């Protein structure tokens, strides 16, 4: 079976003035077709970079090592990147901030037209007809939207339009980069519901990037938790939620307020390492409540802890 | 894609239409009604075309559109008939009788007759006397113009003058049609409205060409006047149908106009390019004009009030170098104050370039070395600029510093006149380029007349000189020879004192395209810049 | 999309107030600089008629009245289109100005029709190849073009044409114009020739226009290249370009429909600003190529001390600057859907 | 604190540009070359007096010589060595542009900062003034002042300064407005720090950097305008060794002695180019987005 996404020892960095800042470090990952997968972590942990790599929109000053396959095609192989025939055809993308991700100079209809013309070679009329279908799928009234500019739409409508645009490509792998972070709470749930529905209807593979594990658990079977560019825990979302293994995962989950739960929210001191800051040992040890001496000297690696879960922590080694 | 094809189709169609039109519309029309056009490049924008008032750069237009009673002939020094066929004067020279040419019509068809002559002379004289404008002073001796009959006029003078020479003047001597008054809607010929009517581009002349289009800053277009009386006399079927006087204020543009075959006659190509043009097959007519460049000394301000200082400066003028370097050969070293070939010219009045002598004079004057003097000249003329820088460098060698003050013409004049009000504000040296209105030595010498505060920029005030001049002028009508002798004495007087020297006489190379034949008698050194287009032949 | 009236009115009203300021300023220059203002306004008249002319000027300017009355009076003169007769040409100042403005405008328009698209295109091209050798070369060209003294470039073009025997002098061959019955309608010869279907004159005028237009075009080419590159480089970093790429939109579409479309308003604005600068260039180049136009008027105004013409030029040039920039602003508003009109 | 950072950043940018940017190096080389000429001009010019306008005694034999070993740039219509003229012109050129830019910068900064700091009528009035002067290109300003004040150095300088300051006023207004709206400036004002101190310490210092970089580029643009004005005869007197004047003088002889105009024009170009490159390179160093490697990736 061909995997939707497979990476081996993938590292992605950004060239700065005289150095390279690595945002993703040595990540190996497999995502099955038809599954929903969550990349979780705080901002700056590299999850968006990884998502961009999969969607094929790494900026030009990014540098890569390792291998990344999308639908079996090698898109990153060492320093070579080749997304020919991948973008929009095999993988599509829902942006984080719909306000700035839709061209302000084109009407929504026009944006559909350009996408559909490029991907499927549709003429204007066909493209508009198809656009209507997709807009209805995301529960928008096509007549309200097609002839409008993005700035004339509300945030929620913009995001739905962006989702419709992403879907209209027909690609089966959908990378959603924090699609809800710019929205209000009730809109957030609506969008998540919408994504779940669409995924089920169209049989998509969904990669959901979020800092919110709770939201992820409503959508995704599997999750990976990232910290400082590394995957620190990976496995079944529900199991992770129930019994987080890595101290960092525990911290993430502990920071989620839950209805009816009277426990005080636990917070951990300190901040994640700044980009470019390299540590000898485990990058989390200075914030970790259960660090041991080894943590400061050596980097741990992912080890299986059963149930298909892997954790990168000396506590489990 | 389809749009691209459509666009290409449209472009192709337009190009095809243009090509077809060129061959089937334009070329045949060219061969059918070919009109003869001459384009004359002229250096200055036109300051006005009122026949009685204009006394500046309007000359190439008014000199063609209007006619005078008589014309000056430089070869004989006498006048030839134009609108007046013959004339005679009484013994004492105060009553002149003119017989006018018959069958002459103005451009609007009104006939030329003694009324027009009376009106024209009285208007020029009247405007000068009332407003001080124009060159109407040439008629100042006229007491009365009396119409004897349709074609005979008596002119009564208050003192004897050479009225024939006056009537040949370059300015304010033109005859215009009385119908102009009605057209301009004025009753009095002195009404300023009449001037603005003229300056809107209207003409009321009788010359061989009339004004068709008038844009004083760019071009004036003249069209052949078929009913001109003289066509049968000049017998020139190749005369231009249309004359364009194109204002090209920059010598280089005239050169380029010639090369581009846009200009057929150029008055002022850069002197450095004349040789090049000649080698390209253009004809060059070098005309020595009665136009000279006089250096005037402010004799009311230290140190130019000291004669030996003035002589020191004069001996530092590099005469030959000036012609060679500054004028590139297009000029003649000035003698005395009066240009070559003009009545009163005296070739013996010359100074030499001699720095040793100059130093001696300087020492004699007692003016210390390092003294700074101001030098004002008209900056737009390339030759003035070159001369100024040359003189500055040479005077630096004998220890005199020159501050150059190139100014526009009008400011030059203001600076010059200031000598009468506040001599210390006026420059020490100033160049006055001068051309005469009438062919008389008086024209040049009067530049130092004490009553001529308008143009006497030296501030020279010498009763003896004034008297000689006035006497000579009045004698012109009675005893021309004696008058010339008095003028010669006056000229020598100011020359020896170093009040003013003629730096150079202008040699103007008129460059003519091979398509056009410009006979030499179409140009006249007195009527500077006027071309008698009726004599010009246009070849196909 | 209908242009909102209130926006237009506000923009135009502001421009008019600025013009009023320019007129007041020019009046102050006459009044405050050393010398008698009436003499200056009369163009330093000479001869016995001078006193009368100066008296006339004094009356025109109302110099015996208080300053604010004088200024109001002067404003009325300027805005009623009566600046008196030009000293140099003895014709109404505005008549002379309009005649010559057309010539300058024609040169400028053609120069911009060449310069702006060419510069913008090269700018886009450079931005797409940012950091490559082509980009370096194009940027160098842009910098050189934007820094070449225009009069010098005009001279160079002029000299380069000389050996070929072709001289691009003046606006049209007068003999040709006369023999084909060409007459002026708008004063823009190219347009006039087209309206009259006079192709020989059209070709002649165009051929004479191109060399000076190229000289004038150098600056807009340089500016649009540099600005176009910067704007395009910025636009290519926009989120929506990334998103469009992720959705599989073709490269060409992204470049032109997304990124270039975003750079367009900026280019319009900069072209508007540069247009005023190029007016000066056009005046200098006109002088070099012996064309009629404002440049020669400027030259003449100095040589004849024609203060009226100078003030007329000042007002015309300032008005021109403001009109072009107002138009650029309005155009910018029109092409930017986010601007609420 | 922040002012120290700004200045540091500028000097860092200069250092970085010096290391990385070819453009900066070329620009620095060109402008220091001109600076050197300005200082050494009289020492290196073969005929300094001719450079200042003196016609040599041998003028008659020397007029209009084309460039040769003896006269590398030829001689002019009065037989003067064009190389000497051009070399002596460097000093005049630098004096013109530095004076104009310094004065315009001073006026523009004051007007812009005041307009940004004080709102209401002062802001409107100052911005209005800026707009009025902005509408007048230097060349027409020069025309008016030429008629009002006569020909000379002062006319040239005034017309350039009067038409350049509004650009700085506009730029510093925009920058200063954003600084004024920053919290620490608001706090300082609320805390009763005198206006003078706030303006100088916080506002002026913070906007200096971008305006200074612009000023470096403008040195070149001012030279272009100054030479155009001189070329049209609106500025300096015709015997000054100014490049625009020399080119004007040569223009009359362009077909017979093209070298007279050619070389001064070239020096104008090189000087303007030098400053423009310096400014561009610095601006790019200060904008992090433009520093990054980039290629057409989609």
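For clarity, chains are labelled A, B, C and D in written order, and residue numbers in each chain start from 1.
Criterion: a residue touches a chain if its C-beta (ideal position, glycine included) is under 8 Å from a C-beta of that chain, and two chains touch if they have at least 3 such contacts.
Given the structure is predicted, the values throughout are model-derived calculations rather than measurements.
**Student:** Both chain B and chain D are touched by which chains?
**Tutor:** Correct list: C.
**Student:** Hey, which chain is the most central one here, using CA centres?
**Tutor:** It is chain C that sits nearest the middle.
**Student:** Name whichever of A-D and C-D has more C-beta pairs touching across its two chains.
**Tutor:** Answer by contact count: C-D.
**Student:** Would you mind pulling out the distance in Å between where the CA atoms of chain C average out and where those of chain D do?
**Tutor:** About 22 Å, centre to centre.
**Student:** How big is the gap, in whole Å, between where the Cα atoms of chain A centre and where those of chain C centre?
**Tutor:** 53
**Student:** Could you please state the distance in Å, as a whole number, between where the Cα atoms of chain A are centred and where those of chain B are centred?
**Tutor:** 89
**Student:** Of all residues in chain B, which are in touch with two or more distinct other chains?
**Tutor:** Touching at least two other chains: 252.
**Student:** Could you tell me which residues belong to chain A and also touch two or more other chains?
**Tutor:** Residues 57, 59, 87 of chain A each touch two or more of the other chains.
**Student:** List, in ascending order, every residue of chain C touching at least 2 other chains.
**Tutor:** Answer for chain C, listing residues that touch two or more other chains: 162, 237, 245, 287, 299, 302, 305.
**Student:** Between which chains does touch occur?
**Tutor:** The complete list of chain pairs in contact reads A-C, A-D, B-C, B-D, C-D.
**Student:** In the complex of these two chains, what residues of chain C are touching chain B?
**Tutor:** Touching chain B: residues 43-44, 46-49, 52, 85, 88-91, 96, 99-100, 162, 165-170, 173-175, 178-180, 197, 199-200, 202-203, 287, 290, 292, 296-297, 299-300, 302-305 of chain C.
**Student:** Please name which positions on chain A make contact with chain C in the complex.
**Tutor:** 55-57, 59, 87-89, 91-93, 95, 97, 100-106, 110-111, 114-115, 117-119, 149, 151, 162, 165-166, 168-169, 171, 175
**Student:** Note which residues of chain D are touching chain A in the complex, please.
**Tutor:** 16, 291-298
**Student:** In the complex, go through chain D and note every residue touching chain C.
**Tutor:** 23, 128-129, 131-141, 143-149, 220-221, 224-225, 227-228, 231-234, 244, 247, 251, 254-255, 258, 261-262, 265-266, 268-269, 272-273, 276-277, 280, 289-290, 293-298
**Student:** For a test of understanding, state which residues of chain B touch chain C in their complex under the given definition.
**Tutor:** Touching chain C from chain B are residues 18, 21-22, 26, 29-30, 33-35, 37, 39, 45-48, 131-133, 196, 199-200, 215-219, 221, 242, 244, 246, 248-250, 252-253, 256-257, 259-262, 380, 408-411, 413-414, 417, 454.
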